[in-house]
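Both complexes shown next keep subunit A, but they swap its partner, so subunit B is in the first and subunit C is in the second.
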Partner chain A sequence: MSYSNFTDVNPLIAVYHDSNYSETGGTMYMDIDTSLHSGTISSNTLTLDYPCTLRGDWYGYLSSTQNGSIINSQFNIDGQDKYQARDHVSGYGGGNIGGPEVFFGDASANVNIKARYRTAGSSVTVSTYRFFPRITGILMK
Partner chain B sequence: MSFKNEKSYVTRFVELSMSSNQSVTSTSATLVNFDTIRGDSGHGVSLVSGGNGTIRLSANKYYYIFGSATMDKDSTSDQYNARWYYSNGSQIPHAEGAFRTYKSYQSGSNRWAQSLHCQLIVNPTADTDYLLKVDDETGSLLKDGTMLFITEMSRQ
Partner chain C sequence: MTYSPFFATSSLKSDILQSKESSEISGTLTAHYDKDDITNTDVSSSNDYQFVLSSASGSSFLLEGSILVNNTDTNVATAVMQWYDETNAAFIGQKCRITNKIDAGSLDPAYPTTAIALVLASDFGGSDITVSLRAISTSGNATYPAQLTGSNNDRVVTAVLKILQT
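Right after this comes the complex of A and B.
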């Protein structure tokens, strides 16, 4: 049996997707493929060996024909949607949807961490800019 | 069976700000003139003497930095970016942990989001200088909205 010191672990999290991409659907999960510090990515799912606090943001657009197809973004952790703030596109007006620029989450060790779009409709096309989503944070012991 | 004495990181918080508004007269990259620093005792962040806002981070510590550069713009239409640079003038790429801002704008009729917080997430192996610069717009950088919040983690 062995025990690792937490100070042997890089406590930083910095994850993103390294190219532009578009997705169409209703419930869509964001693509991620790059982890600069701690964290393992498989099938657009991030896992971490320790509990962590997470911060995400998204940059991209909807086409004008999708106006009103609300998009905001949030974490999905261990299969559960998280609602600690939601990012949202600036082009949307009206209704009662608002939100800050960033979204947050908190995860336990070794659970599936995803980021997802939230849309109004079943066939919304979302275009995401290179280097997004950005998922950053710090591991905790 | 053996047991180690489990060690954790020493975490310190640091804040960088400006004591006055800063005039930005060029659309070329302009260094944000941070001149005020406060934080927990023993932190490894400093502002380089005569560096006009150049930030020095200590070697072998972990830094999670986020913040914003807020500008009172001269134009209602132009927008600005905040990007990270090394002291040699090269922009730091995303792959090295430097996350710049992106404008809030509409390209054609598309509905764009925005990303106006900058982040720097690094573990320098030597004392390293970092510069935050704004570009693409003139105006006044506001002291009340231009700040960096730094979490520093170091081994005991």
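Right after this comes the complex of A and C.
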């Protein structure tokens, strides 16, 4: 049995993008650049030394208000897509569906953790506010 | 300097259950989730909609769940959901409100879209607690499917039940 120094290790995960930004496409990985506690970020990919449980969301808007411009968000963990959520902005009158606006995933240690958007087209611009997208979670045994 | 005997990780347990098509139970719309997705926590279910939280575990449980709303016409449909403690016959936690339409020009969500309940270890009193996610109210002509698929880019929406156990 070994113990870790509390001042060096924190079981909390809090990852986000530290400024507002935009990106355009059909399927896009969310930009993340800041990790407050556990986790290393490289090329919008988060890696953690332990298994973890994760919760993601974002706050922003789309360039398109056309019908069907609903956006979906999800984790992609170790190359595998996780359950998807409908996110904050959708085309008014389009889709006619409602769903959760947060997305979840559990990950093993030392795997590539990404989050991504799926839009209804190939030229939809997603814009987020500062501190979003964000991923929070807890390291687990 | 002193060190705290602190593991680098928490002892929390987690399960994520994929939604199944929700349906009425005794006249009340009730969320359904795949009970076979329970692999880590001390939660059990025999029917996909009633979830038994173990008293013997000595744990607290955080539940976060949602459903999907798919209207069958062009009108607005909504569902307001809340966790129900069947053992003690009481609604618990924060409600969620799912609507099938959201204005693209607005900053949403105007309402939480997941219903959250915290059942503390001190709440148990020696017996298991059975909970279900029930509708407080619904409007519109809607169905409540397990999953919805978009028109392109492999877009899919899935509701889940997230369980955290201390």
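FYI, the second predicted complex is superposed on the first by the 116 of 141 C-alpha atoms of A that agree within 3 Å, B and C clash if a C-alpha of one lies under 4 Å from a C-alpha of the other, contacts with A are read in each partner's own complex, and residues count from 1 in each chain.
To be clear about the criterion, a residue touches a chain if its C-beta (ideal position, glycine included) is under 8 Å from a C-beta of that chain, and two chains touch if they have at least 3 such contacts.
This one's a predicted model, so the numbers in the text were calculated from it and none came from an experiment.
Residue contacts after overlaying the shared chain place A:119 against subunit C, while subunit B stays out of touching range. Applying the stated contact rule after C-alpha superposition, one finds that A:37 touches subunit B and leaves subunit C untouched. Legend: residue contacts after superposition of the two complexes on their common chain; A:101 is shown touching both subunit B and subunit C.
Of the two partner chains placed by superposition, subunit B and subunit C are both touched by A:61.
When the two complexes are overlaid on their common chain A, residue A:27 makes contact with subunit C while staying clear of subunit B. By the touch criterion stated above, A:136 is placed in contact with subunit B alone, subunit C being left untouched. Overlap of the subunit B and subunit C contact sets on subunit A: residues 3, 5-6, 11, 55, 59, 61-62, 64, 88-92, 101-102, 138, 141.
Put simply, subunit A touches subunit C in their complex at residues 3-6, 9, 11, 26-27, 49-51, 53, 55, 59, 61-62, 64-65, 68-70, 72, 82-86, 88-93, 95-102, 104-106, 118-121, 138-141. Of all residues in subunit C, those touching subunit A in their complex are 3-14, 16, 18, 66-71, 74, 77-79, 96, 98-105, 107-109, 113-114, 148, 150-160, 162, 164.
If you check the complex, the residues on subunit A that touch subunit B are 1, 3, 5-7, 10-14, 16, 18, 34, 36-37, 55, 57-64, 66-67, 71, 87-92, 101-102, 127, 129, 131-132, 134, 136-138, 141.
Interface residues of subunit B, counted against subunit A in their complex, comprise 1, 3-4, 6-9, 62-64, 66, 94-97, 99, 102, 104, 106-117, 119, 121-123, 151, 153, 155-156.
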